[in-house]
């Protein structure tokens, strides 16, 4: 039975829209937890410091050691929620590509996980960044390809020309009533 | 010189994304003011009352007399801002179709206004409503066609298959350096 | 009949809480519009630029020429809303002290305005800034006294030891049923 | 070494302000996670349903079985984050009083927890509810006393006449450098 759906994609690729659609489509309640939840839980001072997160002018994101330590604990805790019976949609940005996936993979060991890549062409994601009114641009393009490097998926969706709801339908077609359906 | 761009479209049709893209594309600063700004300025009690706004289970929006009175003053004030020299992108939902346009037309008399229809196929707008996590659904479909009834535009864009930024580029191509360009 | 209540006070002095309480207490609907509404309507790029707003490390706020021009139009428009029949609570930060008041005074000429000073001891306002999780601190202390320089009020309230609702009750006692009551 | 600070108090008692002040005061980074984080992670449909949360006209909060199940997993996960090395400020509303505390106590077994009661006189909390512009009032008064029934604390603070930052200073005086200081 699928316990965890991990959505990985760059900034403005449409992950959280897909997560909300999945919550509406899937039978039973699923929690949607993302890296944005973690960042909102951190001290304000860490959101702009070398120890926490720094975003440079070109949209590159630098993660400091304290952020990394809190993130490790966060990943362990989300895994524990799934082990305690919650079904969870994780929405993350694998800044480290395959290394990031490996960290989640170890934490989620023994759970039935569906790995989903959320792609979006860089220029389209960059346009959506402008449409959201984000001040610091550049993240969308910087991350569009990099976060997928070496990552292995059960399923990939692409929001460049497909709506979030349609992407979520494809994903939910694989997760039916808690059981993976079809070939993986 | 264009002073005011009026974007009219149903809920979840993508008006505010287009407005933010226009602010990024157009030379000089433009203010983006929408019906959401007005609603946020109203007393909390009016957001759910017969005198203010009521949204029924099927997504129909009912506007009460007090809302109407405040909206009249709001429209007059936005027009005055434009007359005082601000360039303004208005983002509205013409629940009354042609009647709503007429109200703005009278208030904006003497100003150079660009009327833009923002269309989105009902089912697609409804999907975006789900992706945004709106609890009360139904507005997107209910408004998709109705708000355009009898309204006359200088330009229409359709976000069903076109990104907000591309729609904004088409609009900004008509408003160049403050001067309307080409035939209207 | 009082048409406009202007609340002037430094950052984190409690103006918007008082405005919401006034909306709940006063008979009839009042619109609450503040400098935050204006800033939210501006292009994202202007929120951090020399032409728009710049906030330095010590919490000082620098307003550029384009911000000033849009603000002039905004003030004119808010006055026009009041002339068109809306009753309005304005929530502002008079960075220019008496000069800022004079600008509003001219725009609101002929309207019955209640000028309210919202004071809060600098260290207390600074503590509330921390409690709100604002990243850029310092504004509360920098503005606590400066924004009241040379400003003339009908009424002053102090949130240092008084709750927003109690402050709003004092104000609403002066604005009863749209008529100023008692001596001013 | 204190790993977890649990702040329990009614709606509008000032818990999250205290949590943010604690994050600013305490050495090292602390995560602030609250029941609001959990609710935001739930499907939109559960936020207004008998299976999830229902808030009646008088401000009473009814928790359904599905909410309860997700909350159990959430509590287990937060405890796991603390065991994995994160230091956490939990902000909760013990609707079940001592029973709610017992649930956390079991989950946090073996960790050094500081239990803090956050009190606020009902009428004052109700006033702050109005100042925040909450539409559904009544929760503040309904919960002011009830959530403390039978709960045992290491420390109690009262925001009725004391600022969040001052309350946080008292708490941080007990949690110094990760070690409980003084008598408990």
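For reference, chains read A, B, C and D in written order, and residue numbers begin at 1 within each chain.
Here is the rule we go by: contacts are C-beta pairs under 8 Å (C-beta built on N, C-alpha and C of every residue); 3 or more make two chains touch, one makes a residue touch a chain.
Model, not experiment: these values are computed from the prediction.
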Centroid-based (C-alpha) most distant chain relative to subunit A: C
Pair with more cross-chain C-beta pairs in contact, given A-D and A-C: A-D
Whole-Å gap between the CA centroids of subunit A and subunit C: 40
Chain centre separation (subunit C, subunit D; CA means) in Å: 32
Between subunit A and subunit D, centroid-to-centroid distance (C-alpha), Å: 27
Residues of subunit C engaged with two or more neighbouring chains: 20, 23-24, 44-45, 133
Category of the chain touch graph - line, ring, star, complete, other: complete
Parts of subunit A lying in touch with subunit B, wherever the complex brings them together: 14, 17-18, 20-21, 23-24, 124, 127-128, 130-133, 161, 163-166
Partner subunit C, residues of subunit A touching it in the complex: 44-45, 47-48, 133-135
Residues on subunit A engaged by subunit D in the complex (per definition of touch): 20, 23-24, 28-33, 37-38, 40-46, 51-52, 66, 69-70, 72-74, 76-86
